[in-house]
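Just so it is clear, A, B, C, D, E and F label the chains in written order, and each chain counts residues from 1 on its own.
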Amino acid sequence: MPAGELRYPSPPNSSATETPPDEDEVWGLIRTEARRDAESEPALASYLYSTILSHPSLERSLAFHLGNKLCSSTLLSTLLYDLFLNTISSDSALRAAAVADLRAFRARDPACVSFAHCLLNYKGFLACQAHRVAHKLWSQSRRPLALALHSRISDVFAVDIHPAAKIGKGIMFDHATGVVIGETAVVGNNVSILHHVTLGGTGKACGDRHPKIGDGVLIGAGATILGNVKIGEGAKIGAGSVVLIDVPPRTTAVGNPARLVGGKEKPARNEECPGESMDHTSFISDWSDYII
Amino acid sequence: MPAGELRYPSPPNSSATETPPDEDEVWGLIRTEARRDAESEPALASYLYSTILSHPSLERSLAFHLGNKLCSSTLLSTLLYDLFLNTISSDSALRAAAVADLRAFRARDPACVSFAHCLLNYKGFLACQAHRVAHKLWSQSRRPLALALHSRISDVFAVDIHPAAKIGKGIMFDHATGVVIGETAVVGNNVSILHHVTLGGTGKACGDRHPKIGDGVLIGAGATILGNVKIGEGAKIGAGSVVLIDVPPRTTAVGNPARLVGGKEKPARNEECPGESMDHTSFISDWSDYII
Amino acid sequence: MPAGELRYPSPPNSSATETPPDEDEVWGLIRTEARRDAESEPALASYLYSTILSHPSLERSLAFHLGNKLCSSTLLSTLLYDLFLNTISSDSALRAAAVADLRAFRARDPACVSFAHCLLNYKGFLACQAHRVAHKLWSQSRRPLALALHSRISDVFAVDIHPAAKIGKGIMFDHATGVVIGETAVVGNNVSILHHVTLGGTGKACGDRHPKIGDGVLIGAGATILGNVKIGEGAKIGAGSVVLIDVPPRTTAVGNPARLVGGKEKPARNEECPGESMDHTSFISDWSDYII
Amino acid sequence: MPAGELRYPSPPNSSATETPPDEDEVWGLIRTEARRDAESEPALASYLYSTILSHPSLERSLAFHLGNKLCSSTLLSTLLYDLFLNTISSDSALRAAAVADLRAFRARDPACVSFAHCLLNYKGFLACQAHRVAHKLWSQSRRPLALALHSRISDVFAVDIHPAAKIGKGIMFDHATGVVIGETAVVGNNVSILHHVTLGGTGKACGDRHPKIGDGVLIGAGATILGNVKIGEGAKIGAGSVVLIDVPPRTTAVGNPARLVGGKEKPARNEECPGESMDHTSFISDWSDYII
Amino acid sequence: MPAGELRYPSPPNSSATETPPDEDEVWGLIRTEARRDAESEPALASYLYSTILSHPSLERSLAFHLGNKLCSSTLLSTLLYDLFLNTISSDSALRAAAVADLRAFRARDPACVSFAHCLLNYKGFLACQAHRVAHKLWSQSRRPLALALHSRISDVFAVDIHPAAKIGKGIMFDHATGVVIGETAVVGNNVSILHHVTLGGTGKACGDRHPKIGDGVLIGAGATILGNVKIGEGAKIGAGSVVLIDVPPRTTAVGNPARLVGGKEKPARNEECPGESMDHTSFISDWSDYII
Amino acid sequence: MPAGELRYPSPPNSSATETPPDEDEVWGLIRTEARRDAESEPALASYLYSTILSHPSLERSLAFHLGNKLCSSTLLSTLLYDLFLNTISSDSALRAAAVADLRAFRARDPACVSFAHCLLNYKGFLACQAHRVAHKLWSQSRRPLALALHSRISDVFAVDIHPAAKIGKGIMFDHATGVVIGETAVVGNNVSILHHVTLGGTGKACGDRHPKIGDGVLIGAGATILGNVKIGEGAKIGAGSVVLIDVPPRTTAVGNPARLVGGKEKPARNEECPGESMDHTSFISDWSDYII
């Protein structure tokens, strides 16, 4: 995991014309990577077999790993394993979202050396998958269970996403420590969120009171976005910004309090299609220019 | 837990004329809530019985839960349970403070659906109660034990409050991840502190070198307050602010470095009695006004 | 641990003319302190014996403590103990760096009451030593193992240092929660870094893309430094700053975005030899001056 | 569990004309009993919910309980739970045998106060169910796994049944500690075996070298039966006997070395249909007569 | 623990005229022994502090040790500690019986090198104390809890004593593995019982169906006593015997089936007052005489 | 593990002229077997890697496995691992004895399918190796530690060998549950001991009071040998026997009380060189002949 990257290179082994691996291919790659690592590093082989190589499917591997990570003396691993496995197996969208997230990390983070590495070691990836299960339970009105899970995720990963929050797919929570996302927040697809980011409420309303993050948005480390504001698709939020206003699509907000780069009236436009492989760098020089 | 709220509604089921539940009533409510949840969600019943329903008192429930949360392979749960139980039972103020905190979360956090939920799942609540025990041990000159406990709280909850710090009651540490409070800090009653808040030293003095937070203060997410400064009662500190100066009572400081809203000379006054149900919103629009 | 100190007093029991304790003396002091604490606090004696007093050397004590702290149900304590012990024993520089770090905490943190306290309870110290082992493994091309260790450190301590990052000695990560340091970052000797500090990438480059921190630098709580920038020796970065530029030696940068105190052209010079016992305070008054 | 009973009363709540509860009824009764116990004993409610009341079926309850009982730091509970659940779910005979065993304990052991008590607390019942799974694995040529399970059963319950041994249904291993049953042993249906019983080899043959126990046999505490001998249906073996010979159906062998009661030529006949509710007492008085 | 001793020397440091240590003195001796061992063996000091030296009383030490020994993933150590502590503290007879048992081991077992060694390491001692608690719960009609405890004792120590069985004080279960004692058995005071001993039922009756063992009886390894028979005070039962008959006071029964030494009509009398320091040897030569 | 075998075939893959594998070859074979099993059974691969395949030597593998098997919440696995590793590494005789035992199981037990199976799963093998370490500690006057280890072995494996007892090499404790061996017992080389065997004292002496077992002896299941008697080399003790007398070399004793087969005056001689591959069967037919 690189720290606080604001720009991600193209996926290491893909080109614009190459199709990304599908769900089964990703699981196959994970197994191949794990087998290679187990052979080269016997001290890690037991870990790799128990978490990946002994499982017949990504769902089981993920359920096993999350069950063992999130269990406590009063919430047993067997109970959690069962809960994760049943929930993920019952809704193919959860598996698809996990695969999309794996691809997001692999494509956007130069330090993400393999899918297996992401599956096993990235707390942002794991916290997000566990959140998806908690969210599913919440939507089934199993709220006390969803909240207990929420609490475990916050204890173990220091990632605090309310189970009611809606998170898209192809999400990269990079580093992830300290992320806080409130009850009525919505996060679109292909969003990248760095550590210490808060999507919080302003207190101005009891109901729908948290930010709405559009597709393809990048939020830098330590940014705080408060209230039911809209961050438009393809927008960028600079590290350490405090945002209390809507940010139009494909614009960039920086600073505390955050201002739009280029000015409120005619903000600079980011490139057309930031998407997954978007260029997150242009505002830096802009900002640098006006800073000093 | 909503994320980063700056304003809290009235307690869901209370009015100005209604008396809040007393200590025994709160414990009775916790049990009722837990029993209802256990009935509706069998997968959680074991957890609810072991943590709440098998215990004859709030002290025992809390000691059990903290002992199991904070134990490690070298600090056993039985030892910690004993320590928590004996300390909390020996000082009724600790139980009273826990109940005041429970009421604070319930009244101020719209996402706090029940007292039982708060007792079990809110790391801010649990870290605060564990700190109170560490502080009691510190005041009894059992410093190595207090520091070991401090370390466990920081590992498990990512909440780092020096055992010497004095914390009032009716405190809500919301989300709580990343809170750091130094040795000579003092926090008044009915204070709300969001995640990633630092009450740190400036290094200008070796002795009394940390902030003093008045009653009824609200400190937004990610705020950093450094040095032996006074944050007056009913003051508000904006999210992401860096505060190196005294903030007068009922005023608001925002920004990095923080400035008083309304100006240094004639800062805007917050409403008269912020207290527990205070309105934390006025400065937002003020600030928004001057921001862009 | 004091919270967010920006200035540290002289080591409690040293003077300019006194030689700091060497490696064996530090281990001797740790044992003496632990024995004293065990005698005064029977509830802690078991912990002190298992972690310190039963071990014949600092390497074994540290390997034992880290193995028990970082183990999980799929990465057993015995495996980690073995790994830590063999790695630390095979490279005397790791032991020397641990001792230098212990001395740094003891000298710079007024709340650090003993070497034993630091060894046992400071997550910043422990995370740093575990990182050194991960870094050693990385340099031996045992990358999957290094990354698994990296992940455990991030889960347990909420400290996320990429195993490829190069960290000097005499380092104090104070409070440490939320620290994120990227793959190509370099940190010099005698540096003090507070909690929530990010040394991240800008995305402008795929290769060498993280900050280079010179000797004797102090980085305040919540500071975010992005990109392959140089923070010169003896420089200071204010709490909450967002730094995207080089900072010359012995200058101070503050704010979001960060500016040099005294101005870009003729920044104020910090004192000559900040080093370990450096005075970290001058800029505060400077800054205060220009703030309000 | 009564100790070493040689005679079992009729099932407490059944008569000759009453049909025993079927598989679903038994699971229903187990849940009713567990709920009643949970209500009367809050300290046990967590245990009862986690082991029985949170599970939708006997298979899941049994798999959960065995997984948690037999796990170790190197064979995780989640792995074993999965293995037990998949194996039991894939072969309805395993569930049927478990129910037949539950009925056997309930009918024959006056100290067996409920089905739930038997399911949770009788090591003889649990070891037998775990053996059935190991036997299934053995028959699927998954021998290393079967042997690892065998080893765990021997460690945890002190019951050592080779996974190749064939065990019928309606079996009561009473007390069970120290039971040893060899590789080529066969045990019929409705057999009762007390603790410290050995069904061992004589060494006279390498292949089929262990005892064959007919239906409805009773083997008293501490009896040792060696070699490929036949213990005929409805036979009884006295406590502490050492048996190296065939024992005809419905006869009784006692002593060290064992002799047939009534003499080798015309042994006394046991009652016609010992079966499940057989009278195991007649030989006692016979034996007593000839003893003193 | 010596193996299968049939004769025990006088207590190492007592004479007929010396008073044995009272309850407080025994606890004082235990602490002195543990401190001495902790000093001489640092690798054991943590164990000795956690189990003995950190506790203010024998009750707490015993409750802690049993709670940690008998806990499982579904019956937590904190729950068991609480249960043991509350039960032992509420009935001084339990503490007195524990002390009497400690004295019995110390006086009768030449391999019992200290009270502390017995308290920590003798499964016969620990199983007996845990049984006393289970028996107390049984007598309070908390039967499901008593049976769950019974099951844990049988799993962990391979000692299976029905919670309804009445056990006197000054009892030595030597080695203890495989002991089975049924529901209606009664054991007097100052009895010594070796491993693999069964006090079982004959099946002749549903109600009172287990042996009654008088004061000062010695039962050799592997002996099986079945049915509601009386073993008179000061009697001896030879190793490996199978006893189905009453044994008069101060006589000796040996063999399978057991016969009285000296003959049924005029059995040899054991010495007058076997009691705690009784001579258990005379019958050996008698027996040897008639054997070969 | 076959149950109670009294005769063992020749080693499966050896002949009189074939040299048994040496120490390094055995370790090589263990790894080959484990690798084959890991490939054929992914569910077991994690277990096989953690216990065998990740270790560079038999000593480390054994120390790891015993440390994890014998640890408890108050005696940590890391401490035990260290203790086992240091002790075994410091005395090559311990490794040699372990290898001799492995060969003994492999040669004598037809159910022992591989060296790896024996190393991992045979409680008799593991208890014996742990005893050797306890004995070594005892001989170094580290008695409290030796006794604590003794206690753990008895709890976990139900094998109770006093740390002072001297045990030869090439020993097979088959099944092993319930074995009890007293303080002054001595067991020669190439001895096979079945489960429930007691080598106990008679109480006739305080000092040297336990049996001395010669080389190549076979002791059947449930046999009890009491007192400082000599069991001569190559002798056999029948299952369930109670032995209070010397047994001459190459003779067989059976029964309760035990008699020499062939009579006291002219006992039948066993074959010349029973040794490791001895024929243990002749007495069975003899005995059978005289029994009925």
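The rule is simple: a residue touches a chain if its C-beta (ideal position, glycine included) is under 8 Å from a C-beta of that chain, and two chains touch if they have at least 3 such contacts.
Remember, it's a predicted structure, so these values are computed and weren't measured experimentally.
Novice: So which chains are sitting against subunit B and subunit C at once?
Specialist: A, D, E, F
Novice: Same or different for subunit C and subunit F, when you check if over half of the residue numbers at their contact belong to both copies?
Specialist: The interface is built from the same residue numbers on each side, given that over half of them are used by both copies.
Novice: Would you mind pulling out the distance in Å between where the CA atoms of subunit A average out and where those of subunit D do?
Specialist: 52
Novice: Based only on mean CA positions, could you tell me how far subunit E sits from subunit F in angstrom?
Specialist: That gives a centre separation of 28 Å.
Novice: Quick check on subunit F: which residues sit in contact with 2+ other chains?
Specialist: Touching at least two other chains: 43, 46-47, 50, 54, 68, 73-74, 76-77, 79, 158, 177-178, 196, 222, 240, 256.
Novice: How would one label the connectivity among the chains shown: line, ring, star, complete, or other?
Specialist: complete
Novice: Flag every residue of subunit C that touches subunit B in the complex, lowest number first.
Specialist: 1-9, 37, 40-41, 43-44, 46-47, 50-51, 65, 68-69, 71, 77, 110-111, 113, 117, 120-123, 156-158, 175, 177-178, 194-196, 220-222, 238-241, 254-256, 280-281, 284, 287-288, 291-292
Novice: Which residues of subunit E touch subunit D in the complex?
Specialist: Per the touch definition, subunit E meets subunit D at residues 72-75, 79, 83, 142-145, 147-148, 150-151, 154-155, 158, 160, 162, 177-178, 180-183, 185, 196, 198-204, 206, 209-210, 222, 224, 226-227, 240, 242, 244-245, 256-260, 264.
Novice: Please name which positions on subunit D make contact with subunit A in the complex.
Specialist: Result: residues 46, 50, 54, 60, 64, 67-68, 74, 76-79, 81-82 of subunit D touch subunit A.
Novice: What residues of subunit C sit close enough to touch subunit E in their complex?
Specialist: Residues in contact with subunit E: 38, 42-43, 45-47, 49-50, 53-54.
Novice: Mind listing the subunit F positions that touch subunit B in their complex?
Specialist: Residues 73-74, 76.
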